[in-house]
């Protein structure tokens, strides 16, 4: 399968006013499957629409959506793919989203209820014969990272929100952190070709191994 | 009725990447009525939730939502008030929202379909005995401006998106524009105490009359 | 001369907190001349640096900087081109920048004082045999628009801040405004191939003539 | 001395386009001393100006500027206080700012050269009899955190960029990280009344001890 980064994620967080942080959106595809690896947030939905139009893809043609975890900035746009099966770690079922509040909680439920089919995975699973799942619960209890085998970019590490930005990545590689999470990231870096940051661009790992 | 500005609007527009522009949110209230004058966009929904909690208000207690026009950055959060009647100019019914696209169009329909009751108004109407409606179709064909009689702030001019920011307001007041829209704004300024900008703060008009 | 858009401008304006609006940055070049058409604001200075590095250009090689007007979001980065002559409308000399305040005013003076050479132009001038100047004082008294003859994009209209975004452009083309400024823009659109928006992307005008 | 938060910091980081992240700005003052604890970045300089005007303070009255580390989003506005002594960890002298590039490096030098007086501190120092210095080099080699004794807010922990946001703080308190940095933060939390986040709001620590 080939990988295309449709939009690089970013962070906009203004204390007490605006939260418009949005995740990187990637498409993994071959003849049969069109998989969105994290569909991203509301603030990018118009750009996602343009991007799909440029690629000649209809929303109904997306067969699957894969999530690192269930936060709105990664999962909101899953609502727009009516035929997709949503893949997520089983722990997302253990959280009670109502307690997030009358508005935020309702938003989470609306996203979840929009999913026609949801399929859970767990640590060690391999999805579509290409996506290896690692349970990395340091950001949310259902959080997973992925290593994806691609035709055009080699082995690609989707760390998820355990490494959001270039700055966080540099801190880990300069050995400023020595927790389990940092050790896991360094180990993956040694075995992959690219790192897709969830709220920043793509890092070529050949300079880091 | 008293007026409280819950959140001042802003603009975040990054070409080809992010659109996170959001409108000012105001509450107009007395014992019986709790009216949200423009509920604003998704990127402020968590802050709206906090604000209502601080005021001891439940979403079910909001009786009405009034919109200057039907763009998502003003109307998105109307979804979260299950008991509210939504008030909007009749022209919103003349637009076909599907043509906005598979994703954006679907978003518009979801907002519209969430409205339990919608009531249309037209130029010259007076809502709740306090909100005078002016049809000002220079930004969208259903666009209206309001002059609101309040107990605590006198006559308040909600121009809507025909004057989004302080910079646009200054341009109009310095006579750099002389179209119908600019003339309308200058006339209202002469008769009101405050101007609530949709994507900026509140302007005290006593310095401008 | 050829034109390259180095970065598309955007708007980030959070009432009472952050102003991070930044202009589009363009490079106009041939063998002898490397002209920056609006160098943009502080928030893009690191990206401008990367872009120049990609193009193999040193800051000392930039021969000229041309400004539509003297606001920081367009002019700040002019500080970083030590060999460039800055071109701007003569009216910029009639403003007293100190009155902008102890901090903002000082910032304006620092930018202005960094200019090794400044050359003023006026309505009707033609710069470098390619850039026709139109004095368009509807946003600032020194504000000018440009029509640039290019090898690769035909006639390109740099409106400046009299048309910042696609939304403002559509409002003008849908005849919602009929002031002098709107009429000027419509006239230029009829005679040009592309419009470079200062705080948005590039518009192909062939669909608008 | 009393503490006032002049502006809460935030994060705006759009991959390959805009970086407008800005730090929290605080004022620590008594009759004799007016100390800015991190003056913040360019994008907030106009708001800092307004805030000082509201407080009736001139830029010349600021006696001191204290920095957690030397990154522009924390230090840029130090340029605007001509009488202030700048206090920073001695390691800032060990970095070569030119290597940051022709533009970014020049910006760093301009800030540094604007300082009339700079005084270095080191781990364990106590500034103004009120600010205890902790060397916390997990974000930059000169990075320090502070515990400040205040009249109006008790003991206030300025962590600096080792804890930028509420999300990062929660991750540390939920024991998701167990590195030296996380342990240091948890220890300080046990002994302080408030935590000032550099890119977010203020946390009341009584709920966390």
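The chains carry the letters A, B, C and D, assigned in the order they are written, with residues numbered from 1 in each.
In the analysis below, contacts are C-beta pairs under 8 Å (C-beta built on N, C-alpha and C of every residue); 3 or more make two chains touch, one makes a residue touch a chain.
Fair warning: this is a prediction, and the values are worked out from it, not measured in the lab.
*Asks:* Quickly list, by label, the chains bordering both subunit B and subunit D.
*Replies:* Joint contacts, listed by label: A, C.
*Asks:* When subunit B meets its copy subunit C, do both sides use mostly the same residue numbers (more than half shared) or mostly different ones?
*Replies:* same
*Asks:* How far is the middle of subunit B from the middle of subunit C, if each middle is the mean of its Cα atoms, in Å?
*Replies:* 32
*Asks:* Counting only Cα atoms for the centres, state how far subunit A is from subunit B in Å.
*Replies:* The answer is 34 Å.
*Asks:* Two or more other chains touching the same residue: where does that happen in subunit A?
*Replies:* 8, 10, 12, 14, 16-18
*Asks:* Which stretch or stretches of subunit C touch subunit B in the complex?
*Replies:* By the definition above, subunit C touches subunit B via 8-16, 137-139, 165, 171, 176-182, 199-201.
*Asks:* Which residues, counting only subunit A, touch subunit C once they are in their complex?
*Replies:* Touch list, subunit A to subunit C: 14, 17-18.
*Asks:* Name, in rising order, each residue of subunit D that touches subunit C in their complex.
*Replies:* For this pair, the touching residues of subunit D are 7-8, 10, 12, 16-20, 22, 42-49, 52-53, 58-59, 77, 80, 101-104, 106-107.
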